[in-house]
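Heads up, the next two complexes both have chain A, just with different partners, chain B and then chain C.
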Partner chain A sequence: MGKMIYSIIKASEEPTQITEVLSGLRGISGANLEFVQCADIIAVTCSAERKEVVADRSNTLDYAGVIDELSKTCTLLPVRFGSVMESEDDILKMLERNYQGIQNNLDKVEGKVEFGLKVFCDTEKLKSRPEIFGEENIKIFDKPPGRQNNSVYLDYVNKKLIEYRIEEALLLFVNSVIKEITDCCISVGANGKFRKMVNQNNIIDALFLVERSKTNGLIGVVKELQVKYPDLDFILTGPWPPYNFVDITIS
Partner chain B sequence: MNENVIDRSRDITILEVLDRVLNKGVILTGDIVISVADVDLIYLGVKLMLSSVETMEKLKAGKH
Partner chain C sequence: MSENKILFSTGNLDGLAEDIGKMTDTEGSKLKLHPDNADSGLAKLVLTLVELIRKLVEKQAMRRVDGGSLTDEEVERLGETLMKLEMKMEELKKHFNLTDRDLNLNLGPLGDLM
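== the complex of A and B ==
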């Protein structure tokens, strides 16, 4: 029987209080939660057979539920699903070996929550907007260059040229939106990470780490951005535990 | 907002949950044991979803 680790939390409570918190929660398959403490950091665990760690609907949601509940009262680092160690001793040694890195990460996320922001657009609709693509480009999009006696090769080059111009203009636009999002987020102290052009419709995939007390400020910022960019769709999810702002790999 | 629209938003939320639980967080190399089963999409029910009605309508239509 191994020990599955859900998260590593900052021990601001007495051990008896931690026990009380954990007794109100159930792990995957209804397992009782336990903990392993090393100074002021605690690994929340449960007993698990390796063969039981199946990423099905029930287990993954139970797992996420435990982390979500703990994050409401504790500063924590979520641990990736399926992290199983042989024994409590192994976990204790792991915490001791990585104490400083864990502490640094806990300090970074203390009192903060994560939000995800996805920005979608209809590229075809945007292609008619001169302020985004430029008058000259739009004329080309409307009337693709081509003569009746064009070779298939020239047609192909022209098609590729148009695609390149669309992509180039869209990227400039995306960069300007990201800059605007970043500028707006300064007011709520949100630290952001951005991925551009995830696919044709999902032009921005952003993650924010923000003080829990400034959650409403971030929501307000996104609402304002939605009003300013009616052709784009902003979808904000959260608050999440800080899954994407943990920077530690333990070997 | 009708039930179909809400269902679609639930799908997006559960995908966000799974992406985080399975791919993010503290990584213990060499100790990961995962068997992937058929993961159905359901709603965790604890997350905030903020979006315009227009977005939800588009999602409902399967535009994205």
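== the complex of A and C ==
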């Protein structure tokens, strides 16, 4: 029987207390949770066969539920779903080999939680309102100069050129919103990661690592941004375990 | 995980619901190959790649037109080529019963292909 790892936590408590915390939780398919300790770091595990660890809705929710509950009381590094090792001994060796990297990451996320900020808009509606992009970009709707006697091919190029300029202006607009979000988040010390134009409607997908105590500050920032950009829909989710702020390759 | 994780929203959660729907419904972005539909499954994959490249070429071409580095004759030829390429793509999509949406693969956390 192998061992599936849920997360690696900082052992700031006595082993008996860890046992107590874990006894109140159940892993995937109701499995009992166990732990493997190496100095002051602990891997939270359960017994599982590799072939049984199917990434279906039920298992992934159970798995995320364990990490979410632990993150409320511990500093932790979530481990990718389906990470199964042969034995406790293998996990111990892995913790020993990667001790420094794990410690560095635990220090980075200590006392912090992750938040997701998604910004949606109807891009087609936005494109039809040039003033949204700022006055300096309104010229994008001008007919390209110097081509008065258009053939069908030139008309086609002009149409495509205007579409291209609108796309570029939309990108400039998205960049300006990202800059605004970044500037506003300085006040809550948020460390952000951004992806833009995820799809036609999701123009910004941002992640923040913030001290748990500053949660209300971040909500306030997002409310202000919503007022400033009424054409956009801001959705803030969290707090999440720091899924996207762990940077370690386990050897 | 039972608690509400949405800390702030305007109440319009349609975009979020669509995103989650796309993530959980992977059927649309799967290449379904079996003996009965080998040609259409492969056509979807090939046309997706062709469409991606066509759009990249078109974008690069517009960048050059916008930069003003092409003569009127070159722009005319470019327009003819791009227009014919688009028409050919439409024909192929129609032939294989594919829509723009079919060719825009959902790459999960990376977002849409195009």
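Rule of thumb we're sticking to: the second predicted complex is superposed on the first by the 225 of 251 C-alpha atoms of A that agree within 3 Å, B and C clash if a C-alpha of one lies under 4 Å from a C-alpha of the other, contacts with A are read in each partner's own complex, and residues count from 1 in each chain.
Note that in this section a residue touches a chain if its C-beta (ideal position, glycine included) is under 8 Å from a C-beta of that chain, and two chains touch if they have at least 3 such contacts.
What you are looking at is a predicted structure, and each value in this text was computed from that prediction instead of being measured.
By the touch criterion defined above, A:229 lies against neither chain B nor chain C after alignment on the C-alpha atoms of chain A.
Looking at the shared chain after the overlay, A:53 reaches chain B, while chain C stays out of its contact range. In the superposition on chain A, A:61 contacts both chain B and chain C.
Of the two partner chains placed by superposition, A:99 touches none, neither chain B nor chain C. In the superposed pair of complexes, A:154 makes contact with chain C only, with no contact to chain B.
Contacts of A:165 after superposition: chain C is touched, whereas chain B is not reached.
In the superposed pair of complexes, A:197 makes contact with chain C only, with no contact to chain B. Once both structures are placed on chain A, chain A residues 57, 61, 64-65, 68, 120, 201-202, 219, 222-223, 226, 233-238, 240 are touched by chain B and, in the other complex, by chain C.
If you check the complex, the residues on chain C that touch chain A are 1, 5-10, 12-16, 18-19, 22, 24, 58-59, 61-63, 65-66, 72, 75-80, 82-83, 106, 111-112.
The part of chain B that touches chain A in the complex is made up of residues 12-13, 16-18, 20-40, 42, 44, 46-52, 54-55, 58, 63-64. Of all residues in chain A, those touching chain B in their complex are 5, 7-8, 50-51, 53-57, 60-61, 63-65, 67-68, 77-85, 94, 102, 105, 116, 120, 122, 201-202, 219, 222-223, 226, 233-240, 243-244, 246, 248-251. Per the touch definition, chain A reaches chain C in the complex via residues 57, 61, 64-65, 68, 115, 118, 120, 144, 146-147, 151-157, 160-161, 163-165, 195, 197-202, 205, 215, 219, 222-223, 226, 233-238, 240.
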